[in-house]
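Below are structures written as structure tokens.
One chain, chain A, appears in both complexes that follow, with chain B as partner in the first and chain C in the second.
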Partner chain A sequence: MGYAAARGGLKAIEAAERLVARERILGESSWLESRQMIEKLRLAVDRVMGEGGLWDEDLAASALRQAEGDSIEAAHLLRSYRSTLPRLAYTTPIDVDDMDVLRRIVPAFRNPPGPQLLGRTTDYTGRLLQTADEDTLRTAAEKMAAFLDEQVTPEVEVGHVVSGAEPTDDERRPRRLLELLRDLDAVVDRRRTDDPEPFDITRHPARPPATRSARLATMARAETGALVNVWYRNILGPDGYLHEITLGEVRHGRLPVKVVHPITGDEISVTEVRVTEVEAIEDLDGIEEDRGRFDVGYGLCFGHNEKKAIAMANLDIACERDKGRSFLEQSILLTTDGLDASGFLEHLKLPHYVTFRSMMERKAAVRRHKETT
Partner chain B sequence: MDRNRRAELLARADADDVRQLAEAFLSHRQVATELDIIAPPEVGMVMMQVREPVCKERFHLGEVVVTRAEVAVGGARGWAMRAGTDRETTLAAALLDACAEHDSALGSQVDDLCVETKARLDRARHQEWTELRSTAVSFEELD
Partner chain C sequence: MSTSLLQQVLGEAIGDDESLFDEPEVNFGLLDEYSKREIRRAILTAVAVPGYQVPFGSREMPVARGWGSGGLQVSLAIVGPDDVVKVIDQGDDEGVNAVNLRRLIVSSTGIPESTTPEDSTLIQTRHRIPEDPLDERHVLVLQVPVPEPLRGVERDMRELARMHAEADYARMWVSLYEDKVRNGVITRTTGYPCLVDGRYVIATTPIPRWDVPRLHQSRFLSLFGAGREKRIYAVPPHTDVEPLTFEDVPFEVEVTPGATCRTCGSSESFLVEVPASRVDGGGHWVCSDSDWCRRRRERRDHPSNGGDS
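== the complex of A and B ==
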């Protein structure tokens, strides 16, 4: 593959860039503040951090504004910025059981250990577009906010499983359904006793056959739509792989970022990041599999992005069962990175004059050859 | 206050409060003259490695933007790391850490800031749970 670069056009390029900037910066509306985006376009900002592989809400919001709302372009900007920064440290291995949940549901089990907390969601609400004028919508939103502020002790549904005003450890950090399944001997045990170094996808490209840590890291920063697409092909069966899955845990919460204090040598927490975590329970039914037990896939990504974490958990266990027999791992590793895919796609817009002229000449040569034979 | 805990709370303390206290300390002649910048504030990343629960394997979740700085006051080292790109506040936090090690009177003021920070974090956590617990659910099964 090749294309010839072009030169010139600098004034036109600068003028085009100014047109974008003028509308983005000025327009007829007021300046779009980062804080507004972090609060009101939370899921978009979270998605950019996840796909950029970099946690910083302010920078992600700034990237989203600069990219005029294009999440892949914003992730690209974040990755470019990331490449200018030194890596100062690695965290100590963060135990995901240290997550303080902001939302936790267990679709597979009615009474799991700990509470089912719906948290901030519209999962159970009808998808009705709000068509009222903006003043009406704003007034309604302000009334709703005032109602919430006045509620000193919000009403709690009878029959729930939370205790008093202060949460117990099991309520903010509930025991996993996976642990209950282990207690019941209902899940295969794949816990490792060694502790291999994780694959670093920022330093080396992950290629099949890859370690599981490489697959998980790749999916954690994959483009959401691409990952959902690979999962959908896989679950529907056009790739010849149909499997039945139930979600065990779906969590959104905060994980501590722990580093070693350089003076004391002790582990300390310097900040927190929000993550989405999913465990997918797989029904094993293969001849060579333990059909008396389940297996579990795992998904974890920056921010609140349940679609991505669900797809990731499903694909984690699908890869484990596939054992390299299909193109699944290759699809995950080579086609789900938003920057890779969009970078290739976007380059097609650059001038390819010489390439195309060469192709035209080849076509003409073929025609001439046909005419003379 | 335990040094580790102090570092954790200075990392989360309000930026304005950190800078104001650091500026007040710098007005002390002894602090200003005995201050050494060991490592100026540097914006960088921390790679977040997590241990997942299925196979107990580690993998890289992604990187977190942080700023870190290290100073010394009268030979007492102070270190800080805060999320984000705010160099000035991180340098101020490192200064507070060093001052707390160097002088017990200054240290008590740093402790006050840390206690205040912890109280703010606890209030936020309490408010968060107050709202969250109202979303606890126990769906009924249909026969």
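== the complex of A and C ==
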């Protein structure tokens, strides 16, 4: 082999890796356990699973630790790991009404069908930073834990009444607001049959014009901040695709995942995933639209991530109403992936001296031309 | 065959205790076989329709999007146990990203590496074609950041698809014309738009204009992988690659009169500038192809070890 050149590049990379490792793996504090992250940094782990497109809390926690807490980097680790695995089976379609609801709110009605179930949220908790020293906080937490253990059943808020009772089946699997609106004939019917198989964004690039399933899959895996930004551009930015959204459902709960058994042919439940699901009711106001009815946008993503699911539901109905008139669909499909955007941004750190030399040469050529004419 | 990151980082500190690194072996070439087959199918389509951007289900790789993930997928989909790989970035085998990509390919396949095109079969490159003549033995895999040559004149992907389908490149020609009229010269720098086989306009990655004539009627196969944008395209051997220019406006490559490589004296290679500094004094030029430059220098210093080629 003719390979004998100095390996300075490799030495530099290895030295950089050791610098990271010394602090991350070997630093002074104790080992950061996956279990700690899954329990105590739940939202960060959920976000990584959602943006990584892989449901596995242990792997996501491991990725988050390896990425020093950078959620996009952690999602990258999950996705590139998945690239090494063969895809052996597809699940059967999940009926979201099978959701075991952990939290459910319906802003559109004071007393909707089924409960208003606040669940685990800090929505109505004052954002007061805990400034006490760590020992005090730890002691307080232990007292709190002892107090909660004494209670036989967890507190559950149902219909704005705190009750100590276990929720009933109807409370766990409440009827949807949308069903009520459909009963009242208050929703346009745009069910269609031309998108029967969900578009698989991991096997085919989704490009406009795309099916709704392609848009939904793209948003389900999109970077949370990117989706929030596309939504907010509509509110204060230059876009303005959106109108008056009222949230019909915000749910967080567990869904069974089922596959067909390869030998028996029976449908079997293999695991559970937690998802956030949102239905956004849109007050149609377009000239060609049915002003006597509402329409609905849908959002669903892995884990507990309400920001993302709400933005997704809003953008789903916005895209539907836009009907390809603007760049909204292209923005959703092409610019909301965290790995794409941050990878390309960070690639600017790579050496670019060949392209820059070419630019310098053209600058000189333009100046030469101006001097001679 | 492969080592985990932990092992790479802590190898020296921990020694040879393999049991500490009980991680599953990865497949030859990292990707699972179904994925490799899918990418190879896209490559075959790309070769059959020169210059056409074939959509493919780009996988997430152990390098970030924009860092050669497309080139890496192409390389790993076609690499075999008999290949010898060379990886360059800006022409340099020792660029840190080139080192990282080569390390991934070698560690996941066990194939040998080389810096010399003569000894290599698979050459993955970011933004250069090696100065050495390449031939039928070589597959050149180019990392592509932006595969769409028309994006400067059209943003809407639906319209871009139509323009390529109908070979409607009128707006590209107009933009080149306006460039010439406004600036006196065509100011396109790298990634110069070229017509392939008289049919599709491609972005020649950002290789410098210097390298563009090397693609025309080449003896080697060039595969362009754009991972982030999920496109693969190809220039097969013996295919026309014509830079878009006008009959009376010659295509110009990067040449600085009088510039020669300070280390090997070359004036017939693509040179990059080392700017003047307060320490070193005046600026100078060096070859961007570091291995070509090294061999040229060795031949000059030790003429008996091999003639000029």
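Here are a few things to note about the model shown:
One rule holds for everything that comes next: the second predicted complex is superposed on the first by the 341 of 373 C-alpha atoms of A that agree within 3 Å, B and C clash if a C-alpha of one lies under 4 Å from a C-alpha of the other, contacts with A are read in each partner's own complex, and residues count from 1 in each chain.
What we mean here is this: contacts are C-beta pairs under 8 Å (C-beta built on N, C-alpha and C of every residue); 3 or more make two chains touch, one makes a residue touch a chain.
The structure presented is a predicted model; accordingly, all values stated were derived computationally and were not measured.
Of the two partner chains, neither chain B nor chain C is touched by A:Ala15. In the superposed model, A:Val275 lies in contact with chain B only, and not with chain C. Legend: residue contacts after superposition of the two complexes on their common chain; A:Ala140 is shown touching neither chain B nor chain C. When the shared chain is aligned, chain B and chain C each come close enough to touch A:Leu85. When the shared chain is aligned, chain B comes close enough to touch A:Leu118, but chain C does not. When the shared chain is aligned, no partner comes close enough to touch A:Leu43: not chain B, not chain C.
Look at A:Leu242: by the touch rule set out above, it reaches neither chain B nor chain C.
In the superposition on chain A, contact is made by A:Phe302 with chain B only, not with chain C.
Set against each other, chain B and chain C differ in how many residues of chain A they touch, and the higher count belongs to B.
Overlaid on A, the two complexes show chain B and chain C touching the same residues of chain A, namely 82, 85-87, 200, 202. Residues of chain B that touch chain A in their complex: 3-4, 7-8, 11-12, 42-66, 68, 70, 77, 79, 81-85, 126, 128-139, 141.
Against chain C, the residues of chain A that register as touching in their complex are 1-3, 5-10, 12-14, 17-18, 20-21, 25, 66, 76, 79-80, 82-87, 200, 202-205, 207-209, 324, 327, 330, 334, 339-340, 342-347, 350-355, 357-362, 364-366, 369-370, 373.
Considering their complex, residues 49-50, 53-56, 58-59, 82, 85-97, 102-103, 110-111, 115-119, 148, 153-157, 159-162, 165-167, 171-172, 176, 178, 190-192, 195-202, 212-214, 216-217, 220-221, 255, 257, 259, 261-264, 266, 268-271, 273, 275, 279, 296-298, 300-302 of chain A touch chain B.
On the side of chain C, the complex with chain A involves touching residues 5-6, 8-10, 26-27, 30-35, 38, 55-62, 64-67, 69, 84, 89-100, 103, 112-116, 118-119, 126-128, 145, 155-158, 161, 183-185, 187-190, 206-209, 228-231, 252, 254-256, 270-273, 288, 290-291, 294.
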